[in-house]
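Next, two complexes with chain A in common: one pairs it with chain B, the other with chain C.
Now for the complex of A and B:
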């Protein structure tokens, strides 16, 4: 999950600078140069997007609708695969737990942080952000130790919960909450930083006016701040949903470490796609599953954008 | 899965390292593996445990034009080979780049890579004389649809490992079990009189190969090129499941290569355990990595006779040498495989090879090294030799992993307090689903 920090809300000082620039027209040549520079910067992104984003999608569409079975056969095969529904069930369960918990946690924490002094808030933001520095596989390795009652520093908690062995901890019913926990641990910190930036963008006059009108901290948080960062919450949900449906690394690494106990190689839809392509040469069916995931992500994102009025200008 | 000896930490390290490291090649042809000195080198993929083989080969074949590539060995069925082969099948196999020879730690994978949709393995019977390959034991994993798709590297037949100290202490004047019924009865006795001690481990993915394979349970039996017999109702399956359930409290659910096993000193609490030949030296040493009682108190006994009276056993792991059907030098590739599997310098030398050689003529030299390692070496060697020739051939190498299915279906149920009998139907149903989606017909009778 990459969060473009540059988009995270300009500070008051930046606004002033923008105003200054607007006051006097910049020299023509400078404008031309910056336009070229702009295109150059974008060009690299566009090239990579075409090569590693759009290209594979087009290829996947081609694969999904071709193959020996003919048009649509790959989708029928995917839907009829006995691993298809359980994989989607797993991921939906995981996302229900993750998205709800993460949203409540991130919004709650950031609203609390925003009431703290700048320095203390900064320390906490940094602390929350640290786990996000770990890549997916590395975070799973940390969690391998955390979840093993014989190695975990929190073994007493695991024992208290009745888990006396690693296999016990990672029993099938526990997997969605475990992966949700991992995702929150690595992802929430980044979103807290973004949301905090969004909160800083709220004009001070507005908060002062609320205070003068007798609004207490809780009321200000719920009635002023929360509605004003709504779009950021929707933005977080859109990106998280897209990432969440593609869950792959965590169950794969955990499954390997558990030596195949409890977690199948087709636990999530993305894993099932990989499994079919790489273990059975069934690239067409795998592409069909990828497209189902893509459409699923797009529909939900469109719904969130529409319901959350993400692109409306205030 | 040839060598499961690793702690959680080691496993983590293994997972963290994406192990596909190419090692340098050496040159020139030799009589045994006459890889062409000029032109593309013979590409050989081997795993870390075979590094000593490679070293020995390089010493005896200086100048052979071979590119040695170290890879995971498809350890624990990680799927490396399938994914690499799938990609080569898309982009094309290329001499000197794609593998000619592959060592595989998963004993069932010749039935995966050698059959549709892969069909990527060469029939070695065209290059290796029958007088040689017929002495290679455990070929049930290699003789597939009338073709010899691999040679077995080591024989991983299961024996009954007994801790003689504990046995004499808990069962004075009694002999270790020779039948599954006696085995279960001894388990019940332990539960009653010595709780906390075990007659085996149960719940690890390879336990299907211990208890079901070892009792001729027809749950994974290829009866045609793409026809599977999957009959969990067979008495060979239900009886063993029932016997194990009757002594379930005498089995530990911890796997021998977990931190829990080492920390709880589980190896010291195993009064006996049915496991592969290689497990004797891998699980029971009194080193910090194993925390076992020491191999000197362990003695191998023949595995229990199947409930139908047959003298058979299962097999856990054991590696395979395979030649890809796309090799441009199949003769040289097969010669290398033959050398690796039969050479006394490799298979007869316990410093080079860790498991009992599958190639029978090399076994005595290797077995002689067990003297001084295990209790009652003469009996241990005899039991190992007996078991090595008793592997049931009705457990077939197929294009799905029964280990994986077992780990995902039976183990979670057991951990949650269920029984083997109740999990058997689910296991069979999942094997059926896996077989059908691989394009196989499944029948229950």
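Now for the complex of A and C:
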């Protein structure tokens, strides 16, 4: 979901501003009547926002800071939990691999596709984008098949890498790159489509001028196209980062097929939170973990937004 | 010399493209061929060999009837949760986007900013707190525990906001008001008839998000009769011999599934979203980018 939702945003702030400018001085006809109407139009959404967006966050804050131990005790307990650090390490390793390779791959492929003819480029984009339909448990199952050397069409690659059985392939050390690969499989295509769209907004005259000035394809890509899609790259990182910290589906579903090899029920922080809440009714500690994750994700996202000048209006 | 170099680059580019095409597309081809084969054929034949239609129908029949038609129950649940959530998302998002774009009220700007922040927040971040809250409200185990969260869709509000603020000139509304139309009449007779494309767009995103969601139903449902397909698929892995041989020691009463059965279940589970993806790509991308590039 996060992928398509990306598209509209970078201009978002600009649009908000434009809206403000247009509406800053309310039209004379805007009476008390129209004000009430405005509230009625947004009423259902605001109710849902309060109940399901703001409500849970407030409730989580309340839970995280209350409970028997007193202020901050739940956070101390979470940090000192022997399962907490490994879970964070797993997710950080996964994100490092995922974000770096996805960025290189998406940018590289989109620049390459943009040099092809429109028709052929469209075919490739379609092929890359279609796995996006399988987000969730379905994609994990597909990759279970792909990673099983006995049945996989990629068996020769797996054998070549020295993996001769399924539990070989999914040994604990391999899990972060495996999850990164699954995330790329379902997510990268959507970003490629989006960034290709952004590249198409570059005026042809600009590219022609560069060519006349003797710039070759590589130089044009690096010096003209890349800077012009920078915003989208930052935006992809923002959304991916926030989403990546939340890793849950892949390890949970894979754990179901682990044949006794070790994926614990608290492999990622979100899994740990759920584990504590569902197994031990430790809701306060679970809420603390949720908050740590949320703040961590939002801070990094905010940093990227700020450093990447994402919402800058040109 | 220069020309030669150019060909080398072209060739390299082609190799890279083909490599990634294989990465993205081969798993799908394999998936769709798997149910046409028996488990034995899957291991012995070439990964891209086609088995037979009769095997395909056998596989289909076996997985549909597995464990008292469980798959059909999950399919029905997925449909209820996803369509319910999507309907609610549209009911909330279309008027809200309109209200934010074309009416004036104190707090409008704040509401827009909050919507942007919540949009960037990954939906999974709220799952645990949501579970705790839903529990507290006594909705745990009901359909509402999924329909309500699926219906809360800030991205849809944002899309509708962008759409209305770019397609309907404020002057038009002002004129209608001068002609004596009240606010509801303006919305009903001007905005709603123009809203079809944005309703489609919001519906698509909300539906796909709801259908593919795993974490939320994972915590909100606890019984086979409540599971949507995503959770059902995970259950099926536990019954698949090749992934869980330990579950099938002698004397077990569970029906054993094999890889082709599981592949068939995946195909059934993804079919609705896949069909939308296949037929809607062009319109959707156009719609999405329209929101982003119109200035």
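Throughout what follows, the second predicted complex is superposed on the first by the 262 of 314 C-alpha atoms of A that agree within 3 Å, B and C clash if a C-alpha of one lies under 4 Å from a C-alpha of the other, contacts with A are read in each partner's own complex, and residues count from 1 in each chain.
We adopt the following convention: a contact is a pair of C-beta atoms (placed from the backbone, for glycine too) under 8 Å apart; a residue touches a chain by one contact, two chains touch by 3 or more.
Given the structure is predicted, the values throughout are model-derived calculations rather than measurements.
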Partner chain(s) touched by A:144 [first = chain B, second = chain C, both, neither]: both
First (chain B), second (chain C), both or neither touched by A:193: second
Which of chain B and chain C A:279 touches, first, second, both or neither: first
Of chain B and chain C, the chain that contacts the larger number of chain A residues: C
Touching partner for A:41 - first (chain B), second (chain C), both, neither: second
Partner chain(s) touched by A:130 [first = chain B, second = chain C, both, neither]: second
First, second, both or neither for A:161, with chain B first and chain C second: neither
Partner chain(s) touched by A:104 [first = chain B, second = chain C, both, neither]: neither
First (chain B), second (chain C), both or neither touched by A:81: first
Which superposed partner A:249 touches (first chain B, second chain C, both, neither): second
Shared chain A surface residues [contacts with chain B and with chain C]: 137-138, 141, 144-145, 148, 150-151, 166, 253, 256-257, 259-260, 277-278, 283
Partner chain A, residues of chain C touching it in the complex: 13, 16-17, 20-21, 23-31, 34, 42-43, 47-48, 88, 91-93, 95-96, 98-101, 103-106, 108-109, 111-116, 118-133, 136, 148-149, 151-152, 154-155, 157-159, 161-162, 165, 170, 174, 177-178, 182-184, 187, 205, 208-209, 212-215, 218-219, 230-231, 233-234, 237-238, 240, 242-246, 259, 262-263, 266, 269-270, 273-274, 276-278, 281, 284-285, 288-289, 291-295
Interfacial residue positions of chain A with respect to chain B in the complex: 81-83, 137-138, 141, 144-145, 148-151, 165-168, 171-172, 253, 256-265, 275, 277-283
Interface residues, chain A side, partner chain C - complex: 1-2, 4-5, 7-16, 18-20, 22-23, 26-27, 29-30, 33-35, 37-42, 44-46, 48-49, 51-57, 59-60, 63, 105, 108-109, 112-113, 115, 124, 126-138, 141-146, 148, 150-155, 166, 185, 188-189, 193-194, 197-198, 201, 238-239, 242-243, 245-246, 248-249, 252-253, 256-257, 259-260, 270, 273-274, 277-278, 283, 286-287, 289-290, 293-294, 297-298, 301
Chain B residues within the chain A interface of the complex: 4, 8, 11-12, 15-16, 76-79, 82-83, 86-87, 89-90, 117-118, 203-205, 253-255, 257-260, 263-264, 399, 401, 403-404, 407-408, 411-412, 415-416, 433, 437-438
